[in-house]
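Just passing along the structure, written as structure tokens.
So that you can tell them apart, the chains are marked A, B, C, D, E and F in the order they are listed, and the count of residues begins at 1 in each.
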């Protein structure tokens, strides 16, 4: 770490209710206190929030993941932004480790919402002057924001995790062709080959993995399944079955956002060949929802370092995930 | 009803998940179909909404109460507004029978949010071009909106309900001095005397009714308790006890927004002297939460008539609740 | 006073023509000069204004009360804000001791303007980035502003004034039920009982005080009439007559904003039992309009302290008037 | 007049207090009623305005000149615009026959306001969706508005007036070189020669006419002094003296905006050689301020026709005053 | 075609200088005249544009492709939008057959511009109220616009073209994995197999096709190369060489936007196996830049039909290209 | 030069491709490096720009003249502004030595654009927070900007140039009456008499100089022709012919913006009596377009000094060109 510290008198650091452990670690990395926030509900279910430290003229950072229940966590975040603005904060940074709405980034049917754009606009209306997030579903979501955004990458911590392991006979597998490029870069950094599932939409509600593109699978014993977000884990489950049929003996599942809803974690963990499930802590799982096969690696250092450099006005481009360059 | 109908080809009428029965009745009053809306959740808890009829160039009305769970109902509404805008609707009317956030209309502590203003701004960001609501917590909330707002009154239907009853020996009682003016007008229209509870804040979390202002209580057998919104019903319960001590034999409880959370309805209904609880249908209560003492009067006709006149460009001032005129 | 001073090189301090004496005192409290402003009229009655000190990159404070003639004072303020913005000021603070338009805070008739909201928007259009005011007519007016607002309280200086007097046998009387809560808090701080006038609107142009709520009046010799703003003084005059009929021997009249138009001051002063009229200096009265019974207490210290803490980024919540907390 | 009428059910036509006679004539031309407006002042000098006809979904036209007292007339106009917007008008047209602030169209000193731009922004904030005005001080003022503007010309009615007179031996004289182009076009249409005064600023407060440019003056008996706006009439008075010295026997003074403040009209009328003073009715002069030498020609027909064509979506370019074309 | 026509009195239809032939055909399809536009340059190179028909209260459609020179074509479009707004048009539709900036849709390096978002904002600032475009580079670009956008598909006309040909032994080949999904849908509609080139970035300026994914190539005689935009044609050229090496005997090259710069068309046409190059007319090529192997299919009917339905307020979803649905 | 320097760590200084020599000189004056910018074109003609130094939290200055090709230079500037904003710059200053669009400052025909206002709005949309320019075509253009603007004057450097010469028997001649005031001030500072050409529009495309106003011409041997911008030089050529006919023996041509298109420079230089053509370097002319008679004086010092004082928050009013004061 280069020298340079935050002045605690200059900074206020808050978090919503979605991921207090991550916020605490970021605050610790930065050497500033996590300021208290009072969050409760009125009897009509409306939120009541009070920030516990004066923000007048300060740089305010608010950490909140838009994990389930997403709407409530969004409303918390917007109210906190609004409070900071109304109380004359100088800068208001929305630190959103998991920006779940990024998946709604285009119209794939008539009369639906490009919700990621809507939420970007709502956050600005509520008072955000800058945002940070991690591994947005598509790099174009960056362009939905009118305020500056720093899109951070989780790859360094995931790569670090795997560099400490024996990677022989291993192939990186992207669940979907759409993420093949991202997986390829991950594989390249680890010196591994890459393959991808060919996901097809069978009907409005059903998706099928019709095959695996890439010959390397047959030559390998182990697959490192790589995805950006896992909720029910349906696709991962299906592609795991195909990999096993193709002769793979061991599967590691790695993702950035481990949402793990509707029994998704247990379902994957029940597959014997899946020996490890690795996720970052952008989404907080309470203790009772953890599983012995689940390994969590923290992105606190990345968010902390990005905030530190933002504060010190240093470039943070090397912490970014840039969209893949294309060329004609 | 004056003549004049909506052209169904010109209008699209939708509702969120909060109060479909009321929306259906309004649509019926207007003679237009309630257009279908598909609402579901992605596995990461994000909402997915699709409007089921083309809105291009149409006047779109969206009915949604911000009843519990308020944040989810708000997000539904904002996404529906956004869809209508993105699909080139000509006018987008947010019909919000119960605008719960109106209670957060001022700063009564440092570093809290005037959430009613925030939500007014969010609705405009999401695409609303006009709003209708009913019995806003304070008349000033009207001024939080940058778009035109029609603040409707529930008094006509409540008064109608009581006009059919024997009102002898009855006094109207406001729960709080802050609503004494509104109660006084209600009482005057029914030809009844008025009194008010003197609510005092004991501590941050506790409130006490310290007495009842007005001599009429001693001369009456029956009290008509009048409030704008009842959730847990704590204040109503307490003032009822005082009225009973003061000799009142029968109590009718009337309110516009019957939120009835945390067992509030059962608690009130358990008081023998409370023989009737009257609420409008701005908040929808599922069947299992109803109680024999609860009588619901519908405001569908008022919303329907306001929409009809808005459509026909007629004045709807006589359906409004105007703030009380003051004078020096 | 805590330590901490304004850097005169960092600050520019101006005032319009409405209340130069107050502005001078605030500047003195802050230890900065009151920078000159040239204000004149073109022959077609348009205002011509020139600020007399460079504001480039500075924090600019502009003091202006919206006292009569309110429209001209508003236009002065807006032009001064516009000049500061066009000349690259860094922050532009509108310090508005008397925000008269706050009385138009709701629609109490069809097709009128919620002028307080309009003026809040106009001030932002003109360039204000922050505002301070005192004793807004209702706490909700705070929410009409899109920029941060500090709503200051005059109670400390009024209470200080009365603490030095013999308060035995005295009751605080609010002119109107609508301000009973505010009066109650004032009374509580002085350890006095409270009562309130029951003001009723007889017709569009006539208002009548129909009685006084509260039994304490009969037990007291002296009444302390408490209101936020007095212009013609009609209501105060009427309630004084009732108090005298009820046996009150001496009346002190206290208000924040002493507008005193149309002979209002002389009319009140002519009542023998009214021995003192106390107002703050949010509205400037020229010497020839003063009266021996009028005592003015200055709020310069409160505005000065609020500006000082704003500058030093300290909390100023204890100088605020918070809306009354309500509870169900 | 081409066929085509306004549908009175579609249109609402109001005016502020500045120029009701002109508004009445425009309304008459259009065949629609002048809808009533209630304007009064609260005792604290704030304006209270109520529009007297429902505007919901209508096209609203509001006529108001920004003549003295300009600030009050501006505030009236802004409140009327705000009311129309808040009451759901479909279009809101600000008809401003005399836009006095247009004279503040540039910075000719540091730290002053380009007030014409500020007012253009304020009108939009208040709700105007379109504006009409006449003979703006400079054609660039058009570009200060973000909403569409129709800048109308008074020349047709002034030319019509003079065409009925004997124009032999007459020269058109512009008071200032800055308006020479406009005067030249006027002269050309009447088939007359043109000359111009050479106005020089002596000091901040004093201006001197140092001479007259153009040889025609010596050959003529009569001068037609042409200006856009006359207030105190100082420059006109001075140039008249020079013209008389140069041998001119009779002077006609013509202007669009006859503001005539500070005795300006009487001063000019006292010059024996000035036999006629012609102004339009963009500024209303009450009867007691009129003078026998003053002839008023009405622009009601021009505003009426412009509104009619706007309503009927016909081109109104031939009613405009276009900025002079320049060329390299 | 369903019945329903545009009212020529209601509509104004203009085009910039980029693609007048396409605009003429769309106008013809719609049965409205293509209104004249005068476009020239001042001697300092600034554009001078005058619209040749009154737009007051009309629905204005402006057709302009952002083809080379893109900046000049963009400026033409923005000035035309601005003119329409300033002249009181009711709706202003930007019809942009080729939105070239869509390729800059993400940050793939630090300190570059997401130019597609910038241009979307500029078009709104200039006055556009609605936009139509075709085959945007990525479906997320839709979300960059704050105004409603209709993203049209060219597939119907391209498919129609190929349906008339012998498609035996033919495989559809996407130039890049990134467009494999779009190609797959195209192939599916024609009942053909699909393959894709594996494009890799070698350095900042160099890209290499490292192979072809999909086994069908070996079984086929003919390849249908499918891309959204071809400029220099470098990638198409390279993949063609690989296909020929792999045994392909005949190549058809098809794209939506045939930009064909820097000799790109001649270079491709010089390959003997490339027997046909098919492009739509979203980009206009002057006669001297055409080539006998180039076949142009017109999208005029699609734009015309989309405008017609927009005008008639009918759904145009079936003319859209929706982003691919994804699923977990 | 007063003391005070820019902190190079605080400032980033870039330029577009229009005038790198001037930008370099300004940077040198300021003692900061000219940071690199990469500008290239995609094959579809779209611009690709990357700023070569981190701007996070910095004050960014971008120098770009809108000289031919104006549209491309404008797009470069807007993209650079957008990049700076997206990369979290603190202030973004658009330094535009030659704002060519200023000539389109009014509507002199129906359905044209006030392009100067449009461009002012576009620059703000793209991210500019402050602008500097020089000798705007009319002072009102200042009011088209919503952001603060510093309109600088070139007169000091031009006057300095002529003060070193023998000015006996010399008259300053404005090409057009419209610029007579500006020329008069220039003449006054040099102690010279002034005259002006009388330019008349003959038809839409033709302009004629009909004469010269001012008697001094006959008494002088030398004319100093003074204009703000020269492109083809047509008017200058014509008035030179008239001056020669009137007996002038030598002509110096001076202007701020030497655009010199379409052989304008050679045409003027071919007139024997024109012995010198003086222009500033707001427009960069490549070496091959220079001419021995052309003398360039640099405004780098003026821009540098204005930036320095802006940075140091000192008044820069004495570097401005203020619009001429007018008076009635």
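The criterion applied here is as follows: a residue touches a chain if its C-beta (ideal position, glycine included) is under 8 Å from a C-beta of that chain, and two chains touch if they have at least 3 such contacts.
Source: prediction; values computed, not measured.
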Shared chain contacts [chain A and chain F, defined touch]: C, E
For chain B and chain C, chains touching each: A, D
Taking each chain's C-alpha mean as its centre, the one farthest from chain F: B
Copies chain F and chain C - interface residue numbers shared by over half, same or different: different
Cα-centroid distance, chain A relative to chain C, in whole angstrom: 51
Whole-Å gap between the CA centroids of chain B and chain F: 62
Chain A, residues touching no fewer than two other chains: 43, 54, 86-87, 103, 107, 109-111, 114, 121, 229, 231-232, 315, 317, 328
Topology of the chain contact graph, where touching chains are joined (line, ring, star, complete, other): other
Chain-to-chain touches, reported pairwise for every pair that qualifies: A-B, A-C, A-E, A-F, B-C, B-D, B-E, C-D, C-F, D-E, D-F, E-F
Complex contacts: residues of chain D adjacent to chain C: 42-52, 54-55, 67-72, 74-75, 78-79, 82-83, 86-87, 100-101, 103-104, 107, 109-115, 118, 121-122, 125-126, 229, 231-232, 259, 261-262, 264
Complex interface listing, chain B residues touching chain D: 130, 148-149, 309-310, 313-317, 328
Residues on chain D engaged by chain B in the complex (per definition of touch): 42-43, 54, 56-58, 85-88
Chain B-facing residues of chain C, complex: 103, 105-111, 114, 116-117, 121, 138-144, 146, 151, 176-178, 180-181, 199, 201, 207, 213, 229-235, 315, 317, 320, 322-328
